[in-house]
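This is the structure I want to talk about, given as structure tokens.
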Amino acid sequence: MATEAVPHRSHVGASPELERFYAEVGEFHMRPLWLVLADAMTPEPTPKSVPHVWRWRDVEPRITKAGRLVTADQAERRVLMLLNPALDKPAATATLFAGIQMVLPGEIARTHHHSPAAIRFVIQGEGAHTTVNGEKSIMSKGDYLTTPNWTWHDHGNESKEPVIWLDGLDMPFVIMMDAMFFQYFPEETQPVTKRMDDSKYRWGANLKPSWVRPSDGGVYSPLLNYRWQDTREVLHRLREDEGSPCDGILMEYVNPYTGGPSLPTMDAHLQLLRAGEHTTAHRHVASTVYNVAEGGGYSIINGKRFDWALNDTFVVPAWSWHEHASTGGEAVLFSYSDRPILRSFGLDREQIHQP
Amino acid sequence: MATEAVPHRSHVGASPELERFYAEVGEFHMRPLWLVLADAMTPEPTPKSVPHVWRWRDVEPRITKAGRLVTADQAERRVLMLLNPALDKPAATATLFAGIQMVLPGEIARTHHHSPAAIRFVIQGEGAHTTVNGEKSIMSKGDYLTTPNWTWHDHGNESKEPVIWLDGLDMPFVIMMDAMFFQYFPEETQPVTKRMDDSKYRWGANLKPSWVRPSDGGVYSPLLNYRWQDTREVLHRLREDEGSPCDGILMEYVNPYTGGPSLPTMDAHLQLLRAGEHTTAHRHVASTVYNVAEGGGYSIINGKRFDWALNDTFVVPAWSWHEHASTGGEAVLFSYSDRPILRSFGLDREQIHQP
Amino acid sequence: MATEAVPHRSHVGASPELERFYAEVGEFHMRPLWLVLADAMTPEPTPKSVPHVWRWRDVEPRITKAGRLVTADQAERRVLMLLNPALDKPAATATLFAGIQMVLPGEIARTHHHSPAAIRFVIQGEGAHTTVNGEKSIMSKGDYLTTPNWTWHDHGNESKEPVIWLDGLDMPFVIMMDAMFFQYFPEETQPVTKRMDDSKYRWGANLKPSWVRPSDGGVYSPLLNYRWQDTREVLHRLREDEGSPCDGILMEYVNPYTGGPSLPTMDAHLQLLRAGEHTTAHRHVASTVYNVAEGGGYSIINGKRFDWALNDTFVVPAWSWHEHASTGGEAVLFSYSDRPILRSFGLDREQIHQP
Amino acid sequence: MATEAVPHRSHVGASPELERFYAEVGEFHMRPLWLVLADAMTPEPTPKSVPHVWRWRDVEPRITKAGRLVTADQAERRVLMLLNPALDKPAATATLFAGIQMVLPGEIARTHHHSPAAIRFVIQGEGAHTTVNGEKSIMSKGDYLTTPNWTWHDHGNESKEPVIWLDGLDMPFVIMMDAMFFQYFPEETQPVTKRMDDSKYRWGANLKPSWVRPSDGGVYSPLLNYRWQDTREVLHRLREDEGSPCDGILMEYVNPYTGGPSLPTMDAHLQLLRAGEHTTAHRHVASTVYNVAEGGGYSIINGKRFDWALNDTFVVPAWSWHEHASTGGEAVLFSYSDRPILRSFGLDREQIHQP
């Protein structure tokens, strides 16, 4: 499906008459397509975003310092955004937001909802909680939590230690679509109306309650927390499997109500790179944010090596060649991407490197 | 579903220490979320694009002049883009492109394909043609043609008169998604391999050929041309119907293979405003481009009146209040919007004005 | 996908002790599976129904005589059922009912509804009508009408001539499923609340009204009448097409709301056998009832030739080899089958004869 | 949605002339509809099947005796069918088969596949196995296993004890549809090509392998075994939930690939009746077979009380009023029904008793 890069064939010259014409139509908010065609209709994607690694050794001391400088109450959310060096907006890729959030013992991050959907992947700590639409879940290292579009959510930390996680949102996409809505809940915290781990028992064991109809038609995962103790076990149980040549044991978190991605705009994966595994390079239109959940290694992205270690976050832009390798044993990567958006319209493509 | 505009509650003050901290994290491509939260997470959409009318009396002489200044061969496509006055990119709304294309007698617009999908709505003339994946169709005033994602297409004009149409593309959306692909066909024109109006007889009469499976799974309409003579008759047959309070007799062009929108990213409609009809105001997240196919009237958009006459093009940005009125008899509007994208992710909303 | 017929391998012998055991378990409403396994689990389907042709020259005088012997009021519906000679129930195949209905000038067939769905294919006459859920449609030779599950319907004839049609129902299937419901409307005729051909203009031109949501979720075709003048034209426009080797120009009537079959349990087709065309034999699990709409010819079903002429009705049972040939020019066949039921559960199969 | 039972209004009298007419049309395999209308088009379903309980105290000694009288090799499958007392076919309801299968230590039930789908619910024993398409699973009391349409399957028992389970098949439905196919595997046992519990780890933890596409499009559950230890825990975790008024804590086994029923023709449920719970009566078109997995109680079916104890099997026919009550503590019921077939065509209905 790859295309050859060929020069565009429009060849309108320059002349004073043409310049006058361009000025004239500009007054009426028009402009000739031929002036922008080659830039707009490129043979293949030319993403502005670049590959980048945010190292935990750089991030951890600074999110900790943020904990001293501002309170959660002051900040609404104590998050350091991970900004793609080549983008001029709060985004890690054209469509995806990434941030590092810390909640200190005793803090509360007040209740709100918004049209962007969010994911959380816990990097450090144990004993904070997220409450989504009345269900409270305790968050531990490696847990993956979903906060669907327009669900009330707040966070807290009743433990003795700071808890830090990766926030992933489709906010850049929602803003591009002019579809941002945001609202506060009347109280700081919403009431907890469901039992602990309610969704796990209702939806998480290949059973579903027959007396419940999801209010959203099932488009969002009803599961609040995909726990590390469960997901990690699966990765290791499947260690001997062939897996994907480009991604090793790449498991997708699924919405048990549909078998599809856990959020309609973003899919999320957990993947095991076995000791010594070096994957085949490929590229796809979907852009991806990774967090290193276990071990270490490196990725070669568009020909350049990016090393990564535990808890680092890195990004692979759209249509960028990439391959992964573990070093010093097994590695586990968490990731999320905008593939579901592209797939909905036949806009994703994949090309596997042929050596 | 409307939200109240409330001030954000983050209230981090300013201090030299904080300024140093912001600079420090900036070096590592991080930035505090609290600095942008109020701007990014707005209570409701704040689209940059503005309402605008491109009047035919302004457009027609200038696309005609373009016909004298550049050839189709030079320009690849002789299109004057309709640029939203408030956007700094080639777009009519955040997601939608609009342009006016003219093909002169004897000209050929060479064959290419691209990942954006396109629509054509014929404004003036008769006897040009579009060929899509081997099917050629003659274009007449009022016809609506689809050019799905990645289909080979070229245009020509074997008549004696210029033919002018409105081009609508999802190009801004595709570019935002970093998903642009473009390719030339090896020859200037592709071979015509199907009979004239082949798709109309195969798919257009509530029958389908049982021996054909659509290669794209049916996501794109197999119908090349929804002809004005057919669609206009329907509008007038349903004149006595109640219709929609906000839009009169608003008929959606459908993909006969699925009953859904004619393209997966853009829906298209034809609507009749009856003599003296003045619709109820509403707003929705979907942004819309209109072309006046018959008659005249005006729209009140966010409280300001915009008059329109035959062949004018105008735009209603996302989440903008709008109501339509015909003047001097019936009016017919053609329109296309990005609603299918929003709907796919639960991001469209509608609010009807309560007097 | 064909299976070889192999003898079953169960080989439980006979003994007085076993006979006593069989009697003993029988008292508790149990029976050994091994006694019936070979009969129940056959290598391939062994339908009870047989091929059969009901000739118009036999049917026409007798439905006419029925018109003298009973009134529509007495009979509720003046229908002669077409009974498969090998079945002991009112059915043409295991799942499908076929009948010939006549309405005389001035008669009314009173309003009722039932859980079986019905189709009508007009054999003779012009000017009768069917009213379904408030929409009245005039019926002419060759028209195909749908009466979905649980829709109120009545018939009448305001013309000067008898009108005769083929009734097709999924009644045997519905009865097998223990799912029969039936109810009278309070009045003999229901009120006509919609314009003539309302559904044709609302749904039949690749446009749909944007202010209407189908109450059944779109599972039933909203089109009441697929008119012969439209469907016949399509068949002849596609005459030069390759078509299906096993069926010629076989066009399926589709539900414009979904692109799927016109009823959820039964699909319906119109097919053109061109002059001299003799199709390739195939077999499929779906059983089919045919009516000859134009011309004449024959079918070879399981090795035996069945000639057919204008207006004849014939049946091809499940998993029966069949091929069709026109004689003396072109022929057009109308047909309906139970394929949608089988397809829903992965139970349809097709085998094409390899010469 | 209930209908009133009203007498049919057809009132064709009797006469010698009519009798001659009936005989005459009979020669041509026709028959007047008015002779059968009242019997065929009943106001509501009139199922032939009746409620019945097969008591474990009757079944257990006889399946044990069958173990002495015939070998698995002789019988192909050592199954005692549970025959509905009012049906003249091997069926528990119009559409569903139920049987009790026993595999003795050391036995093998040879490999075959067939177009009916099957379920297994383990009643007694531990350590037998089922192998489906290369995956072998050990079966324990309370486990629910699926054997989709046309999958190779065999059973064995490497333990020291007999293992007994309930077999549920859609065989009566498949036979009615003339869609039976059956085939032996070339060898007695198929090779085991997958790890133990492979499907549990690939699909059972709300993760899915991204490198696998289900060959059947996902219509069948990829999960071989829904283990009692998992499902029972869920029932008890949800004990405090409101549940369904008609069914208590009724959990549906789901296909993790779609969120739908575990087989496309049959759904299966596990339900907890809490101590002292007595459900509200309702009826639905779907017919249901139950097995008592824990505790005891009774059901009132169409006004008659049917007591049941551990391991009993009982049946509720279509459109039969039924309510359940536990006695002496909690009870757990396993059940399967034909609801997915009915739902596919809008043929299921439910009526809840209004006191």
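The letters A, B, C and D name the chains in turn, as written, and every chain counts its residues from 1.
Methods note: contacts are C-beta pairs under 8 Å (C-beta built on N, C-alpha and C of every residue); 3 or more make two chains touch, one makes a residue touch a chain.
All values reported here derive from a predicted model rather than from experimental measurement.
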| item | value |
| --- | --- |
| Proportion of interface numbers common to chain A and chain D (over half same, under half different) | same |
| Centre-to-centre distance between chain B and chain A (centres being mean Cα positions), rounded to whole Å | 30 |
| Chain centre separation (chain B, chain D; CA means) in Å | 52 |
| Centre-to-centre distance between chain D and chain A (centres being mean Cα positions), rounded to whole Å | 43 |
| Multi-chain contact sites of chain D, meaning residues that touch two or more partners | none |
| Overall pattern in which the protein chains touch one another (line/ring/star/complete/other) | ring |
| Residues of chain C defined as touching chain B within the complex | 195, 201-202, 204-211, 218, 223, 226, 230-231, 233-234, 237-238, 240-244, 247, 249-259, 269-270 |
| Partner chain D, residues of chain C touching it in the complex | 3-4, 6, 8-13, 17-18, 21, 24-25, 28-34, 36-37, 40-47, 49, 52, 54, 58-59, 62, 65-66, 69-70, 74-85, 90, 93-95, 99-100, 110, 114-116, 149-150, 171, 173-184, 216, 219, 264-265, 285, 287, 317-319, 338, 341-342, 344-349 |
